[in-house]
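Next, two complexes with chain A in common: one pairs it with chain B, the other with chain C.
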Partner chain A sequence: MASTTGLVQRIYIDANAENACVFIGPTPANVELLFVPRRDTGPAHTSAFLTSMLDALGQALVSQHEVIVQYPENDGEIYSVELR
Partner chain B sequence: MAGTEILTLQFLSYDTPANTEYKRALSKLLTIAFCSRRTVDVFHDDNDARIVGLDFTPPNISPVGPAIHNDFYCITGSNIPDTAEVVFETPALSVAITPDLRRPYWVLIEQLSATVPVGACEVFLRAPGWKSDRVPVIVRSGSPLTVRTLYSGRPKTEPYTFVFAATPAIQAPGGGLVSADPVLTNRTNFHDIVRHCLANLLTLTESLLRTENFEANIRFVTIFDTSQGATTTNALVGQVAPNLIEPLRDRLNGFVGRYAENPDIVFCITANTTNTRASAWFTTDDDSRLGVNSTYDGVTRTHRRFTDVPGSAAISTLMDTTGLTAIHEFGHAASDFNNGMVIDLYVDGTRSGFVVNKKMRAQATDSIPNNFATYGGTTFQSDQNRDGLGYPNTWTSYHPALVDTARPNLMDNYWQAVSQIQRCRLDGLTFNWFTDRLRAKILR
Partner chain C sequence: MKSRTASKKAAKAKHSLKGVEGRFEALQQAVKTMAPELHRERTLRPGLIVFRAPDGEATFALRVGETGVRVESGGDYGEPLLEVRGDPRRLQAILRGEKDARKQFFAGGIRVRGDMHYLSELGMRLGFLKTPII
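Let's turn to the complex of A and B:
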């Protein structure tokens, strides 16, 4: 398990992409690029969970709250979000 | 509404559940942007008004946490001029505040002034010939945060974290009675000493934490919790006769853990009026985790990347702030019980184990060796004159050669400097050793 702590500096979401890109770091120029995937197949609750994580990350972005996101080692797919 | 463009977000009966969820996410993010007055770029196909994506346009600065009167307030960015001021602006009013600490990537306001009006406004940085982007924020009054991140550090797993914790209680000498520490009754003094420590660590002539841009990768956090009682577990400092305070290191993980912090360094802030002289304890590294090897006098040593018990210092809000107390105590705290201790040079004694910056002769009449030690393949000479202060003729200890031979070592009695105490530096060996150790930890 890996994690990144920081401020959500940017969220980029595009229907043509498979992921929502989330940029997290202490400054706008010092960020780690991670992502929240889209699931075109699979159960509805999985998609709802991913949406809720994006929602939380969006709220953190505008309120400047620090977050800790977790993802697998050697992968950038976020599977948990903690707001500080 | 002038100059707007109408776009749509369509929820269609034939959308797949995943598509519906995607559009719901877009809708929520657009709502968040609207409510927070943040600018977004939205994407749609040519000749089609249906929104298919969005991008929160990133400004070139980033406020850290909510703006609350009398609380810390920080803004991060890049290449911030050292004359920058923080400007809060509403349509009716503009309030400019001079930061209490400026770094190229970060400015800190010790306590946000109540002259900044409560409510919605835009904040930006401004210096002659330069202005940052504007960021909409909500300023509020009320209670400052209990736990506040001042700077979030390197965006990696377990960033090197430095906590400033107001100690709720203090313990009498010898593990005696525990009583409430007055620091929790004076938030202003707590903020002031935190600001002082940060300036002492980051802005003086000693460049250790500026080397390789370490400072921009350190996470700084404050804890000031007035709800905590005067209990033994909350006593983070103890009194030592006649006037010393020491951090009670074995309690630190338990205390900061309540706030979900796992720091490498804790500065315990006290306002005890009788014991005001700072002291520190070394870190205990996590020797079960990875490290970076180096050699010291031919012996392989390891700079461990992670921490078991944080290095700690007890710092008084009443201390003399004209010296180097904060960075001196950091010099102890950031070293390690087993993997290398950096100790005081103003006394003759030493400690058992691996001491980085002091060696002993068999007798005081023995000459001081020319070479002090070989570290990482480089030989460092001894300081023959002890900072120009001279070794007392009964001393057997001796030190590595200084970087700045005109002033005492900052781990020695720097108060003896003829002038400009705050220009004192480390010796070359300790600086190199610390650079390697901090690189292993801060850039882990």
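Let's turn to the complex of A and C:
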């Protein structure tokens, strides 16, 4: 498990709308490139969880709150978000 | 019986590690080959680009100076402009423009850290990005 602490510098939805790309780090020029998948397949509660993680990251971006995100060691897929 | 299975497992792990190292050397060679041209046309910025294998142990860095470029292996490099971590075979295919970087990243197994403007410029120049990420 890996984690990054910092400000949400940018969020964008990729062209085919399957993933949300999230830039997290202390400055815009020093970020970890991470993503939240936007899956329509799978259980409804999983989609709801992913959507609420993305909402939290969006709120952190707007309010400039620091976040702690967790993701696998060899992967950029966020599975947990904590607002500080 | 138990020890034979354990030694088989150890041998398999050793073989797999050797495979990763070999692929990592091939990636290093590919970077070494394409770097001078990128430096001449000033696509590369002064600083470091660090490549790491998925286990995080095998590393090398492309050090860009005002006058030239150098590939360094192992050791502590300092704060890089960009750090890329992933399967060397996939990274090499991305650098060659054979695989779409976005699709590979979203498929998992690749991590990127640093200056995304710089990554975007490099991606557009090398052809692994069809549109800028910033």
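The criterion applied here is as follows: the second predicted complex is superposed on the first by the 81 of 84 C-alpha atoms of A that agree within 3 Å, B and C clash if a C-alpha of one lies under 4 Å from a C-alpha of the other, contacts with A are read in each partner's own complex, and residues count from 1 in each chain.
Keep in mind that, in the parts below, a contact is a pair of C-beta atoms (placed from the backbone, for glycine too) under 8 Å apart; a residue touches a chain by one contact, two chains touch by 3 or more.
All values reported here derive from a predicted model rather than from experimental measurement.
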item: Superposition on chain A - do chain B and chain C clash or fit; value: fit
item: Chain B versus chain C as contact partner of A:A15, first or second or both or neither; value: both
item: Chain A residues touched by each partner, larger count belonging to chain B or chain C; value: B
item: First, second, both or neither for A:F23, with chain B first and chain C second; value: both
item: Contacts of A:E77 with chain B and chain C, given as first, second, both or neither; value: second
item: Chain B versus chain C as contact partner of A:Q59, first or second or both or neither; value: first
item: Chain C, chain A and chain B - angle at the middle CA centre, rounded to the nearest 10 degrees; value: 80
item: Chain B versus chain C as contact partner of A:R39, first or second or both or neither; value: first
item: Touched partner set for A:V31, first chain B, second chain C, both or neither; value: both
item: Distance of closest approach, chain C and chain B, by C-alpha atoms in Å; value: 6
item: Shared contact residues on chain A - chain B and chain C; value: 2, 10, 14-15, 23, 25, 28-32
item: Chain A-facing residues of chain B, complex; value: 16-19, 21-22, 24-26, 28-29, 32-33, 35-36, 38, 43, 52-56, 58-66, 76-78, 105-106, 137, 147, 149, 151-159, 216, 219, 260
item: For the chain A and chain C complex, residues of the former touching the latter; value: 2, 10, 14-15, 18-19, 21, 23, 25, 28-33, 35, 37, 72-77
item: Chain A contact footprint on chain C (complex, rising order); value: 54, 56, 85-86, 102, 105-106, 108-117, 119, 131, 133-134
item: Of all residues in chain A, those that touch chain B in their complex; value: 2-7, 9-17, 20, 23-32, 38-42, 44, 47-48, 50-51, 54-55, 58-59, 61-66, 84
